[in-house]
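Take a look at the structures below.
In what comes next, subunit A is part of two complexes: it sits with subunit B in the first one and with subunit C in the second one.
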Partner chain A sequence: MTLNRNTRIAAVVAFLAIVFVAVPAAISSSGRFDLYYTLTSVALLSIASAGVWLTFYIGRINIGQGAYALMGGYVSAILVMNHGWSFWLTLPVAGLFCAAASVLIGLPILRLRGVYFAMVTLVLTEVARLLALALPITNGAKGIVSIPLPGALSVFGVTLIPDFATLQNSRLAFYLLAVTVMVVCFAVMYRLVNSRIGKLCQSLQQNEELASSIGVNIAYLRVIAYAVSSFFGGVSGAIFAAISQSIYPSSFTVTDSVNFMLNCFLGGLGYVFGPMLGTLVLYFGWDLLFQTGQFQLLIYSGLMIVLMLVLPNGLLSLAEMTRKKG
Partner chain B sequence: MAEMLEVSGLTKRFGGLVAVNNVSFSVREKEILSVIGPNGAGKSTLFKLISSFLKPTTGEVRLKGERISGLAPHIAARRGVVRTFQETTIFRNMSVRDNVIIAHHLRSKASLFGFFLGTGAAKTDEAAFGQSADEILTLLGLSSLSNETARNLPHGHLRALGIAIGLATNPSILLLDEPFAGMNHDETMRMVEMVRRLRERGLTILLVEHDMPAVMKISDRLVVLNFGQKIAEGTPSEIQADEKVIEAYLGSEDEAIGL
Partner chain C sequence: MEQVIANGLYLGAQYALIALGLTLIFALMNVLNFAHGQMYVLGGFITYTIYGQLGLPFVVALLASGVTLAVIGALMEKFLFRTVIRRSHREESTMLLAAATAFFFDAVILLLFGEKQRGVPKIVKGVFNDAGIIMPYDRLVVGALAIIFIAAFVLYMQYSRVGRAMRALAQDRVAAQLMGVRVDRYSMIGFAMGAMLAGVVGGLLVTITGVNSGIGGPISIKAFLMVMIGGAGVVGGAIAGGFILGMMESVGLTVLREYGDVTYLVIFAALMVFLSVRPNGLMGKPWG
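What follows is the complex of A and B.
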């Protein structure tokens, strides 16, 4: 998408104003405080989906993001509960732990392509769940519960973020946290994709053999992209654990992994902000269909199929089409 | 003249099949050397061995005296051996210009992280690549198509784009696998001129081609393969008079070598 510089800045400012000012204002005037929880979930799921999108961008169908979200959740929870770490420190550590794990896992499996890579990542999610059930440190099916809320974050005596437990409205605090992390993640993605790295990723997606013949270290680039992707997954999982104050082996399952992927498809694989829009629409779409009771899943799946047939390049391709016509 | 590339005792087995069998020859600096031979003779396999896309069973390849066989393909490219592919090989969904810009990858001085941050070095690189890409596109007669999406190009221009991508890497030796395939006479002659011009600019060229008139016209020397073995080596006139070569082509394509 080629918007000019001023339009881009205006769009960013508008977006920030909506998520940081308009949404909280609208929620407090309407009293629908439950929406905070919903929107926080959307923000966190879109971070994980952004990671999946990035692996799509190097030509790999990733159905394994649930594994890293789960891993990130456990890493944060264990560090907070067993070692007394501050949540704020565990957040980047959980991301880095997942990134490191994904390098080890990615080195062998990123050689696979197409449906083979997809299948292996699908299995990965299930392996993560079974590990969480089996390992002593994760406390089996009982999970880790009663995780304290994030404490205060102070740097050199200056309190940047207050202790969540002392706040009247911790829902708002979590919402702001999730949205802030989301904005940072998507800014990173935008920069990646619009720098030369994005072009290099595209070259992998379109023709790995040619990419290596022009001197691109394809193995290295694939691992880097996968590590960033898994970092996002881990961070998202860590915040989820903090919000729900618990983490179980079933907190992220194959269904979540599949949903992360669907969010990307729905929003559009060619657009950085595709996963954000896709997550929003899918999450609310699913909720709206709740009234249809037993037909919920049927209608939902039917709509998904229709959408993919009508808009194979995702919802954001709609915006591009109208702009071209206009 | 100095030797650019040295192939010695190169052999590649695929199970029972010996696709390339103990082949040795060398390519001199600024030379155009063609490898010819019937279908399945092992020409493309030879190219893949030289560009390190395949590891030789035995034998080795040296570039300016340094061994390059057995390296990863992107390392061989970094050393200066770059090949174009027999099948049309481009980045389909990028613009023509982006195809060539991305192929400047090896020349970048900025690191990946530098490109992410948009450092000064990265900006300098980007500007230089853009300029160089435009020059290459002009050289190959593609400048009017530079914003076209690559997959929409007509066949002749696709082959040219493949070569443009190879050139952008700034190789010491460029390996062209059937660059004239599927081109009509005029397009071929234009391409022959193009390849000559590349050599005048100092490039060493190794090429595989079935179009005999074009090969005879363009090459300084030829190497002939048959069933994986080198059966002859020499100037175009020497090859046209070679008994073994005539025999290898006889019956099927005896006119095709320009006799």
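What follows is the complex of A and C.
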């Protein structure tokens, strides 16, 4: 992007104002409080999609984000339920747990490329589901239910975040939580992509052998990128478990993993904010089509095919096209 | 033990046939056809309608499944995949298209045939029971048919003009084009053949396991597994992968019975380890 510094700052400020002020104001004035839940889901799904995007950035198609979301959800749920941890502590722990697991899994499988990596990660999602069914600690198909809402968070006696259970409007609280985490995640991504590491990752996307031959440590870089990606997945899964107050082996399945990937594709793989836009459009499109009843999936997939034919490089490539013409 | 091996061979024959179609499409176009399982389901439902509902002979139903899917496959290649491959910056964009068509087929199948489990009358009655092996005759027939189809496919790819053109295409698209192979036409034929194979297997298996609208996704995953074991884009690999998965499933279900439903967990774990040693499967070509 060749925007100058001031427009970029203005865009960020405008975006923050919209998500933190305008949206809650609009919702409270219109009384559509159910939208909070929708938007919270969009924010969380776009965090997970951001992770997938990052693996795309190193030239890998990741259809395994559902596995890490599920893992994060379970880690947080088990720590809260069995060990009495505070949700706020489990959030980073869930992310780190997923990152650590992804390093172990990633070391062998990141050697795979293209379709092989895609298929292995797809299988990984299925492995996570089967593991959740088989392990004793995850309580099998019954899942973990009635997880308490996040409690208060206070540092040195100052209450930073109030207890969610005492709030009148926990939906708003969850919305703010999800959006804050989303903003932080995308800020981290933006920073990462526009740093030295980001440039190196881009070289991986284009030609790993060449990058390696001029001294880029490709094995290290791709594991780092994959770990960050899985961290995002775990965090998003953990918040999801807290919002729905439950987690089941079927909470995140292959369909979710595929959807994360579709969000990235739709938004455009060349743009950091692509996954956010893609998630918003796909999730809202799906929601809007709910009224069409049994034809929902038909219309949705039909539109997706048409979109793919018209804009195979994602929604944000529209901007590029107009700029080229104009 | 004989029983386990017989079951494994039977499963392997049908799995190999599923994997062949997927690997053919991948070899020719570098497209991972997510909709393969849905094509299988569609083939099953067509056979169910013609053989089970209308009462026409099974052979007619099987032919109808194959032909319908071949037409669908050809149209998909011509109007969807070809366009997207031409316009897109990245090859992987076809994955989104494939996933979207998978959803689309799911929706169509659900609307046309409903969500009920459907079965058809047996094609052959009776049970084979000798030498410690118990196997219903219809399974034997289906297994034999599957093996005949596999053999026919391999021979066709090896000795016919079309088969040779497709192999050239899979080896090097540009070189094949320079040698005067009509790339577009053979891509379309290949896609049609891959889809046809999926439809035929669906039609064969509806006589044994029945069919319902929800099994498309799991079938696709199994097909991916087989292709990964054998190596993507290689005919021999797909056949080997199919038989290996069939055997593992059959053995796993017997050996691991007391540990609960962990067969597939073990298979997945084994696959991860295997792929970290041989990233391109048994005989796959390296990617990129």
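Heads up, the rule we're going with is that the second predicted complex is superposed on the first by the 322 of 326 C-alpha atoms of A that agree within 3 Å, B and C clash if a C-alpha of one lies under 4 Å from a C-alpha of the other, contacts with A are read in each partner's own complex, and residues count from 1 in each chain.
Convention: contacts are C-beta pairs under 8 Å (C-beta built on N, C-alpha and C of every residue); 3 or more make two chains touch, one makes a residue touch a chain.
Because the structure is predicted, anything quoted here is derived from the model rather than measured.
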Q. Is A:Leu79 touching the first partner subunit B, the second partner subunit C, both, or neither of them?
A. neither
Q. So, A:Phe295: does it touch subunit B (first), subunit C (second), both, or neither?
A. second
Q.
Output check: A:Ala227 vs subunit B and subunit C. Expected answer is one of first, second, both, neither. What do you get?
A. neither
(Q) Under the stated touch criterion, which partner chain does A:Arg191 make contact with: subunit B (first), subunit C (second), both, or neither? (A) first
Q. Should A:Ala242 be classified as contacting the first partner (subunit B), the second (subunit C), both, or neither?
A. neither
(Q) I'd like to know which partner A:Val272 touches here: subunit B for first, subunit C for second, both or neither. (A) neither
Q. More subunit A residues touched by subunit B or by subunit C?
A. C
Q.
So in the superposed three-chain picture, is A:Leu130 touching just subunit B, just subunit C, both, or none of them (first/second/both/neither)?
A. second
Q: For A:Ala48, decide between first (touching subunit B), second (touching subunit C), both and neither.
A: neither
Q | subunit B and subunit C footprints on subunit A, overlapping residues | A | none
Q. Hey, which residues of subunit A end up touching subunit C in the complex?
A. 61, 105, 108-109, 111-116, 118-120, 122-124, 126-127, 130-131, 133-134, 208, 254-255, 258, 261-262, 265-266, 269-270, 294-295, 297-298, 300-302, 304-305, 308-309, 312-313
Q: Write out the stretch or stretches of subunit C touching subunit A in their complex.
A: 26, 30, 32, 34, 80, 83-84, 87-90, 92-93, 95-97, 99-101, 103-104, 106-108, 110-111, 217, 221, 224-225, 227-228, 232, 260-262, 264-265, 268-269, 271-273, 275-276, 279-281, 284, 287-288
**Q.** Footprint of subunit B on subunit A - complex, ascending
**A.** 191-192, 195-197, 199-200, 202-203, 206-207, 209-210, 212-218, 221, 224
Q) In the complex of these two chains, what residues of subunit B are touching subunit A? A) 51, 53, 72-74, 77-78, 82-83, 85, 89-94, 98, 101-103, 105-106, 108, 112, 115-116, 118, 122, 125-126, 165-166, 168-169
